[in-house]
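Structure first, then comments.
Chain naming follows the written order as A, B, C, D, E and F, and within any one chain the residues start at number 1.
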Amino acid sequence: MAKTVVQEFTKGLWAEIPPFRLVLGLCPVLAVTKTVENGVGMGIATTFVLVCSNILISLLRNVIPKNVRIACFIVVIATFVIVVELVMQAFAYPLFLKLGIFIPLIVVNCIVLGRAEAFAAKNGVVSSFADGLGIGIGFTLSLTALSIFREVLGSGTFTIPISSVSVPVFGPSFQPFNFLVEAPGAFVCLGLMLCVMNMLGKK
Amino acid sequence: MREMIRLFLVIFLFSCVSGGLLAVVRSGTQERIEYQQLKFVKGPTIKEIMEGCSNDPLSDRFKIMDGDKEISFFVGEFDGKRSVVAFESFGKGFGGDIGVIIAVNLETDEIIGIGVTTHSETPGLGSRAKSEPDLSSQFKGLSIKDPFKVTADGGKIDSISGATITSRGVCGAVVTSASIYERLKNDILKKIKA
Amino acid sequence: MIKRPFFGLARPSLKHPVVVNREQDSVEEIPLPQKVTLFLSPHIKIDDIILRAGDKVITGQRLKLTGDGKDYLISTATGTITGISEYTGYLGQTCQAVSIEAAGDDQWDDEFNERGKTTSPENALEFFNYLPGNPDFQSLLSFQPPVNTIIINGIDKDLLIATNQLVFKTETESLIEGIEHLKKITRASSLFITVPSDLTAEAEKTGVPVHAVNPVYPNILPEIITKNILGRAVPPGKRCEEMGVGFINAEAVVSLTRAFAEGKIPVDKIVTVINKDYIPVNIRARIGTPVKDILKALNIETEHGDQIVLGGPMTGTAIYSEDMPVSPDTDAIMVLDKKRIVLGSGSHCINCGECVRACPARVPVNMLVRLLENGLYEEAAEQYDLLSCIECGLCSYVCVARIPVFHYIMLGKYEFSRIQSAEESNA
Amino acid sequence: MLGMLGGILVMGTVGVVVGVGLALASKIFYVYVDPKIEAVDEALPGANCGGCGYPGCGSNAEAIVAGKSSPSSCVAGGTEIAEEIAEIMGMKLEAREPDIAMPGCSYGLHVADVKYIYNGINDCRAAVLLNGGTKVCPIGCLGLGTCVQACPFDALSMGPDNLPVVDPDRCTGCGTCERICPKHIITLTSHTRRIQAEHTTDECTAPCQRACPAGIDIPAYIHQIAEKNYAEAVRIIKETNPFPAICGRICVQPCEYDCRRNLVDEPVAINHLKRFVSDYERTSGERINVPRAPETGKRIAVVGGGAEGLTAAYLLNRLGHDSTAYEATAQMGGILRIGLPENRLPRDVLDWEINGILDAGVQALTNQKLGRDFTIDSLLKEGFSGVFVATGGWDSQLSDQLSEKSDGPLQTLPGVQLLIDFILNQRAGKASPAGKNVMILGGGKSGLEAARAALKNGSENVNIVLRSSLERSSFSEEELVAAEQEGIQFYFQSAVTRMQGEGSKLSHVEIAHILNSDEEETHTERELLSVDTMLTGAGRFPELIYVVRKEEGEADEEEEAELPDPVPWETLIPYPGPSAEEDIGIFRPGEVTGDYKAVVEAIGSGRRAASSIHRFLTDEPVEAPANMIRTYTRVLSLEQLEPVTELPRQKMPERTHEEQIADPSAEIALGFSEEQAVTEAKRCLQCGLICYRRVEGKTIH
Amino acid sequence: MHNQKLLVSSHAPYWHNGSSISGKSYSFMLAALPAVIMGIYQYGLPALGVLALSISCAMIWELLMDLAMRRPVSIGDGNAAVIGLLFAMLLPATAPWWLVVAGTFVAIIIGKQIYGGIGCNPFNPSLVAIAIIMLSWKSFMDFNEALVNYDLGFYMVYPLSAVKHMGTSVLSNFSMTGLLLGQQAGGIGTTFGLGLIIGGLYLILRGHIRWEISLSFLLGVFVTAYFFNIADPDKYAPPLFHILTGYSLIAAFFLLTEDSSSPVNFVPMLIYGAVAGFLTVLIRNIGAFVDGAVFAILLVNVSNPLLDKIRPKAMGKGTEHA
Amino acid sequence: MGDYILLAVSCIFVNNILLIQYLGNCPFLGVSKKMETATGMAMAVVFVLVLAGAITWVVNHLLLKPFGVEYLRTLAFILVIASLVQFVELFLKKSIPALYAGLGIFLPLITTNCAVMGVCLINIKEEYSFMQALIASLTYAIGFGLALILFAGVRERILLARVPKPLQDTSIGLVGAGMMSLAFFAFKGMV
């Protein structure tokens, strides 16, 4: 039972990597992976919220009464989401525009609340931090992978995060497979990636 | 009963603390956010429609209260004269409001140019209002006092095919700006001179 | 397999044979076999049987099987019991089989005659359970609520079989007499006769209301006849007897006549043998005769990979050994050449809907087979009318993907009843 | 600062509204739901596999909270979830040995005999509808993989010979396959289950297996020898027989008489192979043991250090109990030690085997004599959950009870005396104590003599219990009438089924009257008689298990409670083995159970005793499965074999006559060499019920 | 017991009407032949190339997938070939090779095999492929652009886009008989209306497709187009035009009737067809796409499971309490 | 009136919250395996979303805006929605147990259903009037329910099909959802 902090961290990277293993938090995964930049940005924002809320909830876990815990968790999470929202507006405004409604919606991302409920509310600060960071990085990795796949094949470009520069990957004769950047393509890509993950085996 | 009070208190405290905390963050970032919004949302459009001006309209801006709404005006200097103002107004589009920036020559009341700033129109159709100049270029050189309507409604602005509502929204925004302009022209002149 | 008609738009039309003026009206006699095998009903356990190997029996003898004497068997040969062995049959039911080695000439048992040949229900239950044509007096007489409508089948329950029609055509007089006996025994309030439309004239001679049936499969299934005569459909999972409707074959009625006339229990069965070319031959054989002997008498050869079916092509049961005997309810023996065997496929249902349109019970077979394939028997019964199936086999017959749909359905019914009885015993 | 105030104000307002609303709502709309059910439901994995015996995880959660199901009932969840649930329930977790599925058929369709060519759905259940499936064997695997599809954990796959193969790492022991298999081929198994297993009719058993009184899975261990997995072979043997080295030397080998190879040439040298692997274990120096099931914390005393007692003690130990063996002499081993010549059973082999049992964790106390150093009463008082008296194989524990000490009678088994002793004492004029209620078992005419003596001594009720019917009894009509007039009560066709008492006193004996025994079915009527002295006419007393008697309605849980003094006890009969003709009563016609012709029978009996005790302790009925193969059960078998290559049986190397004379105590038989053993093991036809290994490369079609 | 004679045991019935999946597939191909031949005749070798490549690719993908998933090889049933054929019939003759390869990949793998093969697909595989291609590579699916180099002696503008962009004034360029005889721009196998109708009637008569679906679809198209036409005759084309152009006819007989994705009960079939017809015209007239048939069919495919829940009561059901 | 109908069509079909806007996918995949649960969830969402849309609109316009603290919108909304859901749950459990039996288990799922939160935010972002917000909420919810129920029908069939092992369950569910989203492209450009 006693897992080390390192284990708590690494499980998020493979064994419990969201959204592939824990099929949660799908909406942002589908919506913001059109370009690599968006994917990475969303991942980092979520990771920030995840880590902060995990820490805080873990600290407060003995103060919060059981029957209003969800409401309290939500307040904590929402607070950090707004922090992210404000900070992003101030320092990465173009990205904020692209991610749009999905930044405030981090608050209802099942992963964040799920970790708060399932992990942080039961464990100490250090493991909660490790757990949050691991899951967050795992989430970011998944988003990145999916967005690379979608952008490179779907638009033929690669948008470098932060700099917002789109680099064409293929020659001019390449006919981008636009389907992948459309909504249905997002579903199909994610479905197929899940399949690949299943084939690679659990744990 | 005690349980209830405890429950109530916790939620209350949590809300208050987080409200306060966020207010602090907010006040710390407010300035920067405003500038960022200008720079990325309106900045490119303003630059585009005021091509050739010799100052930075973004920093040359002032605000006027229009009723309970605050409107920002950007001043453009052409040929050494601060003769052009640009400001934003909104029209109803298909997927929500369409923001249109319109630059007007204060002397002639002639439209220097318009540009779509924000919209949430269907990609590929309504979104062409922003990406393609077909629609916005039609306004260039017209007087702001003209009645703007799309052809479908009996006007002379050709709408983008497949995006009538969007085109209608853009026209609506221009019409709105005309009324704003009319209402506030005196204040604008005052401010420019100041 | 038969060739698919070019016009597939219409429903499958499977016509029953018409026996009028055909060579097959003659009945070939099969010689008495050396050994007869008789099946006991499945509820009889081997440990309870008091018959022993070596017991001497005579033809028509009523053999007590158990200590309490309730269960019996009619011996169909004179000779010695050589053994009792277990046999696993259709639906995995096990029953005991008694083999009797025939010792030449028949000696006839006289018990029925001595007991006065009365038409009492008790007598019927005590003597007529193994009558050729397999009358189900158990249901006809002791079902609650009682069966008050009895339908005499003048048409056979499956294609190519002509047994009952033959009886109707050739033994009309006996039939009339038999119906009188039947009336006395059962005291049913109403009797009907069902015959193919071209036998109506013969049937009307009996003086019993006649219900002419268009001789197209599956019009002769009991559920459909019940619906057509009574105008009421049998609810899912129920038997016709529960609606107060019982069935008896014309052959059984004729056997009644013979039993009362001769004072002996008849032991010969008319069987339609359908050889590899689908040409039916009618034979008369001793009940218990191994299929092997019949095929030999008719010069029908079978090879590795062929199929032998007891009963007709739609509802019969395949047997795995030619030692299998003729039972009182064996109306036909069908030999299928291996070239004609339809190989079932493991394909998924392609949702073409042929089965849905062919199903006389309006069961959504396309969905049903999906659920059954996934082992969802309870859902199949609750939502997709598994129990409404009247077991005609048309779904399998028309299936484009050649899925053994009927097999799936029977498996589903079997497993569902198992689940239910398990739940009942738990509760 | 103003902004901050605004924030606090607004959120405060929202908080007030929400808080008040929720607080009120939770008060107004309060409905009680047991939070434990929700918590348990959450902890369960949600696979709804049904392995717990409930239709889904939700209903199991309810059952757990209601106490109907155990926290470890979820087989799919494993220990982690079990611990979690136990924590929610505030219970201590009882460790559970994992079960895994084991297919019980070893001949696939392509090698076994088939009845017909199957053309139908790829589902075993469907195939069974058509005449019970393709195989001639009624219990053979049909190989269509229904179990593989049903397994919710992907632990099953079809092997190359079209038989299911279990991946032990994935198998959770949920039992889905066991339930779905129409032929009951796959069963859940664990060492606990294998130790307790009896051969049943729906199981594929080889003739040798059925013949073995100890129930060893002979084909399995021979197969392991052929594959050179000697350690595995030893482990298989030890599941039912902890004395492979001894058995391998002195067994009377009933298995070899039934070996199917007899139909071809000579039987496989089954026993020599057993000896070979046991010698392998001995020379390897490492003990091979059956894994021990999780600790139960129960203690069992075994009186008697012979083959039967040690077997029971060892297997009880393997089943997770703490067992202690009490031996009256200075050394363990019983008749094995004193009854066999050194050159057939060298003492070092005996010591090695006994040490192995002691090393495995069985406590042994020597020079402890029942009645002198301890009594059944004292053992129960000490906290043993059961006392198994296994002294019968060697001598009677009752014969010398009066001669050992002068000061009064020595009580060995409470209230039981030998009839012959009683009569001899009586005749000798010694004081023969007999209580108010006396029961005499059998004894013929001397029983009657004893009864009269007892009446004379002041006993009030004297019963004579006889196995035989009135007609077959040795009494004449006149004798009976006379005796009954004297006040002696006779019970014909009756058997003793249970004894009850307190401390060192017998108080009641339950007898069963067998009604209409002529018929196939026997009905019994039980009757509890007050008895304080039981005089037994038979020379030996049967093996019995003494346990603390619980009054009816007494809660099971309160085991920690102080035992009353004197301890109330009752006896428990181990379920009888397959060769027992009659199922009822302790004393059977002729000899009682303890008289063994061979050590292997004693071992079998010890195993059944261990199994009986384990069943008793786990609240299972103490009886053999209803479909256990008994001597009279009809089992499908073969009269002849298809051509099987004749192979000569390996000869056991022996000391020459000269060598034997030179060292008379040295072992005569030398044991197989490895090469010999493997060659001999390969002679085994690996029989199933009707399948067997055919000539290589030959297929049916 | 070695080498003994064994009989076959199976469950009743022992007869079968002889239909089979492969027979059905070959009938489909036969029925498609008139339209395909016309397509090859009009567009020449490129059309033949597209057809050949599409059918062979479809079969190869099917084979590869069967092998990868260790399933029995199923190309023998001809279903993959039919999917490939229908896919090719919908393409313009100028479709580049990679488009065909990618399209058949989508059709066979995404459209059919990952659901478990024949009978499991909830959507028509050929249409899934066409829809995805329409989204991804619009220009190759734009018949005006694609067929710009062809001059076949009739008005070489895709009729539907002509009407959509220019209103009904262009109708004078088309004659109804011309449209029926294939004098229109379009996919390889979609233009020859008469051939499609003959093929469709053949399939209906053979019982391979359900006439209810085809009929109600055509009726749906007709009625909807009729009302649109009445509402604004300048903007919306008359019903017959809608039936004879675009994918209408191939949809009615070949696409909409795909077994796995269509209902089997009578009322659902009628609804299914009619809704598809309605949506087709709706999309054509006011939607973003030139031809609505593709998406309309995908949309009714989605509703198929729900529609098929409308079914007659089984015999005897509900009479328990009667 | 026409505008409202247009808005409704747009929300149900053209801008379907699930298939076009990618919101609410977790419950979409979670509860679409069975028609019954899908219907229950659809009803629960309609119920809650209309309430939430109305209340959040009020909160935004009467509380956040006047105080100039619109940046707190996320926090205020989620708090309101979460407590609303809990309130409804408690209310149903006590007062209408029959309805609770049908909807109850889905209510906790709605708290983290981003469709609910998303629609509330869209209502504000698009500056809908109260009536418009109400209609948008209702029709978005109907669109959600429609897609969910349709998809449940498809999914029920997929569950009975022979989907390859690694693709089973969520994986094939996503692909199916993708195809369905593709089908919903039919409505593109209609309004």
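The definition used in the following text is that a contact is a pair of C-beta atoms (placed from the backbone, for glycine too) under 8 Å apart; a residue touches a chain by one contact, two chains touch by 3 or more.
These numbers were taken from a predicted model, which means no experiment stands behind them.
Chemist: If we look at subunit A and subunit F, which chains touch each of them?
Modeler: Chains that touch both subunit A and subunit F, as defined above, are B, D, E.
Chemist: Using the contact definition given at the top, which chains are in touch with both subunit C and subunit F?
Modeler: The common neighbours are D, E.
Chemist: Measuring between mean CA coordinates, which chain is farthest from subunit C?
Modeler: Farthest by centroid: B.
Chemist: If you tally the C-beta contacts for B-D and for E-F, which one comes out higher?
Modeler: Top pair by contacting C-beta pairs is E-F.
Chemist: Per the centroid of Cα atoms for each chain, what is the distance between subunit C and subunit D, given in Å?
Modeler: That pair's centroid distance is 49 Å.
Chemist: How far is the middle of subunit A from the middle of subunit C, if each middle is the mean of its Cα atoms, in Å?
Modeler: Spacing between the chain centres: roughly 67 Å.
Chemist: Would you kindly tell me how far, in whole Å, the mean C-alpha position of subunit F lies from that of subunit B?
Modeler: 31
Chemist: By the touch rule stated above, which residues of subunit D touch at least two different other chains?
Modeler: Subunit D, residues with two or more chain partners: 3, 6-7, 9-11, 14-15, 18, 22, 26, 115-117, 119-120, 126, 129-131.
Chemist: Going through subunit A residue by residue, note those that touch at least 2 other chains and give them in order.
Modeler: In subunit A, residues 67-68, 71, 75, 78-79, 82, 86, 182, 184, 188, 195 touch at least two other chains, as defined above.
Chemist: If you look at subunit F, which of its residues touch at least two other chains?
Modeler: Subunit F, residues with two or more chain partners: 69, 71-72, 75, 79, 83, 86, 125, 157, 161-162, 165, 167, 172, 175-176, 179-180, 182, 185, 188-189.
Chemist: For subunit C, which residues are in contact with subunit D within the complex?
Modeler: Those residues of subunit C that touch subunit D are 47, 88-92, 94, 305, 318-321, 341, 343-344, 346, 375, 404, 407-408, 410-411, 414-415.
Chemist: Please give the residue numbers of subunit F that touch subunit E in the complex, ascending.
Modeler: 149-151, 153-154, 156-158, 161-164, 167, 172, 175-176, 179-180, 182-190
Chemist: Please give the residue numbers of subunit D that touch subunit C in the complex, ascending.
Modeler: 115-117, 119-123, 125-126, 128-133, 138, 149-150, 182, 520
Chemist: Hey, which residues of subunit E end up touching subunit C in the complex?
Modeler: Interface residues on the subunit E side: 5-21, 23-24, 72, 77, 116-120, 204-208, 210-211, 259-265, 308, 311-317, 319-320, 322.
Chemist: Write out the stretch or stretches of subunit E touching subunit D in their complex.
Modeler: Contacts found on subunit E: 1-3, 6-11.
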